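Inspection log for the structure reproduced underneath, given as structure tokens.
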């Protein structure tokens, strides 16, 4: 019993140190970043696109717009292809083949982000520049590269969601005479809706957080992009580009950008949590 | 205009969906094949064991391999025991309640924070404030914090998946809690936990933004934990971005991809063993 | 079995933590850390290689990040020597000890397929500020102009802004790249691009245009006729560490200066 108490204490200490380590990061980032948001003023920080650190201007609207544009594009591709693959693998694929393809996709998805960015620069950017115009470094290039990166996340969570739909749902629909596709889109997708929403949101989180691949294919100007062929700068790229030499208020502004990202992720995770609670209730026992 | 029959519609949809799937798998395969085709011819034993010359234009990648092993290895060596211990405490030694739910939410959030934010923290806290400088240890500690939430969460899931019947039987036989944990629960959960650890290792190996800001980009072989070191992923980024040497860039990427694919396959194999054990 | 694995894990972790503590003799054989300008980086790296050959055991680590990042790192204690490819501002000059190691030109580069061979300062201001939007206006082919710039902390950018742009601001639509190499790669691939970078790093794959009638060569920089020139500086906070000072001495020695000259820079002495 005494040994058990001692071990329990040790584990508690370790757990506390882990939690406090992570809490430290949160506190540190907010402590460094919040003051400048308050000093500059929420409106000037979030709604001004004038980012000129040497003159003391810290408006991140261009970057917010950039992150949103790139993420939206990425989700279009990620959802269309990711969900498409998930539907194929769960509804229209013999079990044997699906058992091979699913891990294959997850395996292939371990490719590092810099490799995706590199492939984007080498193949995608010249194509866009030659055939569609603009510098090639663009919202379009970033969206495609990011879309491919979040695909596996969306696919695997969607597959889990679809596989969690109780079999009687599927059997009942087929028994009523529906085709597999009718079953898929009228019954299965609807039943797995919450799980698919979770997949989309987690994919979105990944897209917003990506840094290196985006720096390579986005162009990083200071302006808000006006078309998908325009170059763009995201919140994450901004931090990476300027962190090395930023000091004083400039550095605080970068931390404030970190705070912004933190809050966005927290919001996304909360939505995902709510959606997944509904998913658990609906999915029921397998 | 008559509505297409459901059967006809299904045929069209199936073709469309399979095209999407083929395109997806095609693109992923294309990337890997393209890199390996351009890079493998340049990968040799010499390449792996020599140091780079002329900023990487000639020579090999030995210091980068060592640097990657040191940074990623140390990160996981720190994060894994702490993360697993935390998970054990949360699942076996506490009751499910508001506290644990909050911790879980916090861990999920932190697992989703962009890596560059961790890089920012690591640069200012470890490198500057703690005077650790641009070094292997700054990089490793930052990476450890980055993967800690993931290790905790996946370990927790693995522990939870062990049927409570196992625990009850163990108690029934008169074991202490710790004996139950080590002899019964961990035994079953270990593959699942290992999957999480291996995947975290993979994440540390691919990570570039964090190491750029904390471990630096020195080309020399690191002699101690306080030396700066360049990882494979960062080396590839710099070689390709600056046009220093395309053949070497491809070769570095090939080594990187093969290493990560191997890690992922290991993780997958471990996961299958885990599923077999607890189902 | 699990007991055994746990024990192994415990020993492994303990060993790792001992290694950590063992590294605490850090100051003893710590490498000289040189951080800063991406323009100076390749040259410093080459010098470090040569230095290493002559003095095995004397380790010099070179990193990039940009001139201002180098100054920051030196002020923070992260670096022993900061490298800077622009003149120091007055308040910086007070903070640091600077040593001139070479002089370099800033080249204006365009894609090899661009027919333009020379530009005036006024035209450059127009191109980079976004006033001149079409290459036709400066004697090139019909097509949009895409200016490429560096990040704000870049010494090359600072020098370019001081020497050419003056009061006019670089266009907000200019694509930002974080090193000379990245600028070079971009201009190499985009026929409509125009950028500025270290003269010593241009190489054969790009075209460096003449500015106000003067061709960009090391000779013209030395002679003072090519006005777009900036100093390459090694800065330290106070007197340099003995190891660091030895490296600086090597760079300033006839041998070190010859290496820099061969690589395309203008020697300091």
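Annotations
When the chains are written out, they are named A, B and C in that same order, and each has its own residue count from 1.
One rule holds in what follows: a contact is a pair of C-beta atoms (placed from the backbone, for glycine too) under 8 Å apart; a residue touches a chain by one contact, two chains touch by 3 or more.
Keep in mind the model is a prediction, meaning the values are calculated, not measured.
Minimum number of contact steps separating subunit B from subunit C: 1.
More C-beta pairs touch across the A-B interface than across any other pair of chains. Inter-chain centre distance (subunit A to subunit C, centres taken as mean C-alpha positions): 34 Å. Once the centre of each chain is set as its mean CA position, subunit A and subunit B turn out to be 17 Å apart. Contact with two or more other chains is made by residues 81, 241 of subunit B.
In subunit C, no residue touches two or more other chains. The multi-chain contact residues of subunit A, meaning those touching 2 or more other chains, are 244. Listing the residues of subunit B that touch subunit C in their complex gives 53-55, 74, 77-78, 80-81, 127-128, 131, 133-134, 137, 182-183, 186-187, 190, 216-220, 223-228, 238, 241-244.
If you check the complex, the residues on subunit A that touch subunit C are 53-54, 125-126, 129, 135-137, 215, 219-223, 231, 233, 241-242, 244-247. Those residues of subunit A whose C-beta lies close enough to touch subunit B in the complex are 1, 3-4, 7-8, 10-12, 14-15, 17-19, 21-23, 25-26, 28-29, 32, 80-82, 84-85, 87-89, 92, 101, 103-119, 121, 148, 151, 155, 178-182, 202, 205-206, 208-212, 216, 236, 239-240, 243-244, 251, 254-255, 258, 261-262, 265-266, 268-269, 273.
Considering their complex, residues 1-3, 5-6, 9-10, 12-13, 16, 19-20, 23, 26, 29-31, 33, 35, 41-42, 45-46, 49, 52, 59-64, 73, 76-78, 179-182, 184-185, 188 of subunit C touch subunit B. Residue ranges of subunit B in contact with subunit A, taken from their complex: 6-7, 9-10, 13-14, 16-18, 20-21, 23-25, 27-29, 31-32, 34-35, 81-83, 85-86, 88-90, 93, 103, 105-110, 112-121, 123-125, 145, 148-149, 152, 176-178, 202, 205-206, 208-209, 212-213, 233, 236-237, 240-241, 249, 253, 256-257, 260-261, 263-265, 268.
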